[in-house]
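Which chain is which? They are A, B and C, in the order written, and residues in each are numbered from 1.
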């Protein structure tokens, strides 16, 4: 197991957002968390990346406890988080955004190489590298946010609703990108409202309902499950 | 407290207020109580703006506008003090309206800055422009009078200011209970939600600041005839800060009781501690820092969270790690 | 107004504008990055002046040491303010503001008690003046303008460095900056040191020209507020522009209309706010709730 979450509880003030959740992911796999609005998907990712402190529970990454570590330590260990709503640094240029992703890295050569590779993958980013990131379209911002996370050279990538607000064609594109990233050996936890796309590419799925896991299994099984079809796949 | 219990309580409080000068019989203490009332009115004005999540750093300035308006009218024209009393409020409210109608367009942060800047400039102008009497101030301001009765001693002024204070409380209370007050509450809890409900945030905020400054102006007129002299330096920024501090000490979420309790404590406390004047601002400041850190809800929040220390340190672990780090 | 007087006013305005610019840019850094409205900025400026005064007049060290001492001392004091007080104010924006106001009051009152209310003058660092026909320019004012501009340029390039960019990232989105591995605690300490240090340097620059008084901090703070309101809260270019504009308005205004100057300044800014609520070059910055 690359990452193992055990008996996690998370509260906002007195309200409990996550109740006794345990999930695990093996190296090189994609897992997905699906669930309705407010189910707690974002909260799980935020807790893993250290943005939110859990009330109790364990999170181990490569066998090491990471609860309580500060953000930059977690980034250094190799966990990157593409936050919900992309949140690019709007007034900074595309290139500056990407360089921020490489903030902790010292290998100038490696950074240049990674930039080139990303530019190859996303030619738009190269074309717009001197523009402020706020002027990019939604899809482009998603590419930027993802690339920025990749610049931290993560082993585990947390993606929070990458397809949010994108047109159906772009959603498919996002699916492909996630697949490509995964093929390069990066493990991925994907949170999606767009359950169909997520279920198709994921190796294993968890369905979340008000802070609890209500179902889990491999993608195909869940796609064929009646309850899931009713609730998340539109009948 | 239920509404039913409030009426006897209020009656007792009123009778007590009425009899107080005869119970106390110390001019000095009456003098301090008059100050508590003045500061309470200023503090309630601050709280009215705070209810809209506006921070005013300039109550002293609007207080000064009222005081000088009344004084100039009384000494330079034949107008009776009683006419100048509302006029002072109007002058102050007008001034606030002009400044804040511009500042509020830019949002609360600019409101905050502008309130401070304008009160500073008011003081500078009062001090430097000859017409207003200069830094030495204006002396020999006549006391208010009805017929041949002059509001000269402590007792008469005590009743005068108490009437103002009660009037202020009643008006503010009525406002808070009204539709306007509910809109203010909505704005205070979330500006974006209030906007979504169709509340014109700009207008309601402007109304709150104008009303608050009206009362600051009125009590300014009282202050001028009570002191019989005005010096620009007594309207310094320090006074505005003290006003904020009273509201904070009492409890920021208690818009009427908070400032009164805060002012009551802070006017009397130094008298009993006998601090050298020079050091007083330092001690006050240390106190502010302590309250801000350990009792952000003020004194009135103590009953709600008796184990407040535990609450404090519990909170530290629970909140998002981003706060203040 | 003749040519000589015009240039006199011009130089005075630019000199004082340069000082405003340095103090205001420090303030803006702290406000933008940490969302802290640092009321003590003016007092750091005042103490910077006294530190330089002490180093040069009492210890008889060269002026350069005075400047460095002011920078370091105020940077340290700023960090202390952040680490010891601000960090523990959980009540929100207003509580933090009050804490910095209280800190400012402590500094000012301590200065009043220690140094009294009279001015402390130190020897001029540069003497003489530049005469171009009728026009007479004092060298010390020219030096002030020069130093102001140098500092602004240095700051500009500094913000282009990696740490400067990290500061901008934290300014925009503290959480996401953290997700890139930026240690925001360190950035905060650094920002506070830089922001307050700039005020200290400004104080060090002003003391040979105008001397130091215990209440100079409050006066400049009000001007800094004007600067950032007109320039746009949190906008660095706006603050710089507005600083020079206000410096010039002040120096010409004083010459032309005397004591009504301040009132005129207040009414000048109302239309600006009305038609450009975000200030000349800024967007309205929200108070963090």
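Operating definition for what follows: a residue touches a chain if its C-beta (ideal position, glycine included) is under 8 Å from a C-beta of that chain, and two chains touch if they have at least 3 such contacts.
Being a predicted model, the structure only gives us computed values, none of them experimental.
Centrality by Cα centroid goes to chain C. Per-pair counts of C-beta contacts peak for the chains B-C. Comparing mean CA positions across the assembly, the chain most remote from subunit C is A.
Per-chain Cα centroids separate subunit A from subunit B by 51 Å.
If you average the CA atoms of subunit A and of subunit C, the two centres end up 43 Å from each other. Measuring from the averaged C-alpha position of subunit B to that of subunit C gives a distance of 31 Å. Touching two or more other chains at once are residues 175, 178, 184-185 of subunit C. Residues of subunit B found to touch two or more other chains are 322. Counting partners per residue, subunit A has 50-51, 70-71 as the residues that reach two or more other chains.
Residues 37, 85-99, 101-103, 105-106, 108-110, 112-113, 174-175, 178, 184-185, 188, 218, 222, 225-226, 228-229, 233, 259-260, 262-263, 265-266, 269-271, 273-274, 277-279, 284-287, 289 of subunit C touch subunit B in their complex.
Against subunit C, in their complex, subunit B makes its touches with residues 50, 53, 55, 98-99, 101-103, 105-110, 112-114, 116-118, 120-121, 124-125, 128-129, 190, 237-238, 241, 244-245, 248, 252, 278-279, 281-282, 284-286, 288-289, 292-293, 296-297, 312, 315-316, 319, 322-325.
Interface residues of subunit A, counted against subunit C in their complex, comprise 49-51, 70-72, 75-76, 80-81, 83, 87, 89-92, 96, 99-101, 103-104, 148-149, 152.
By the touch criterion stated above, subunit C contacts subunit A in their complex at residues 162, 165-166, 168-169, 172-173, 175-185.
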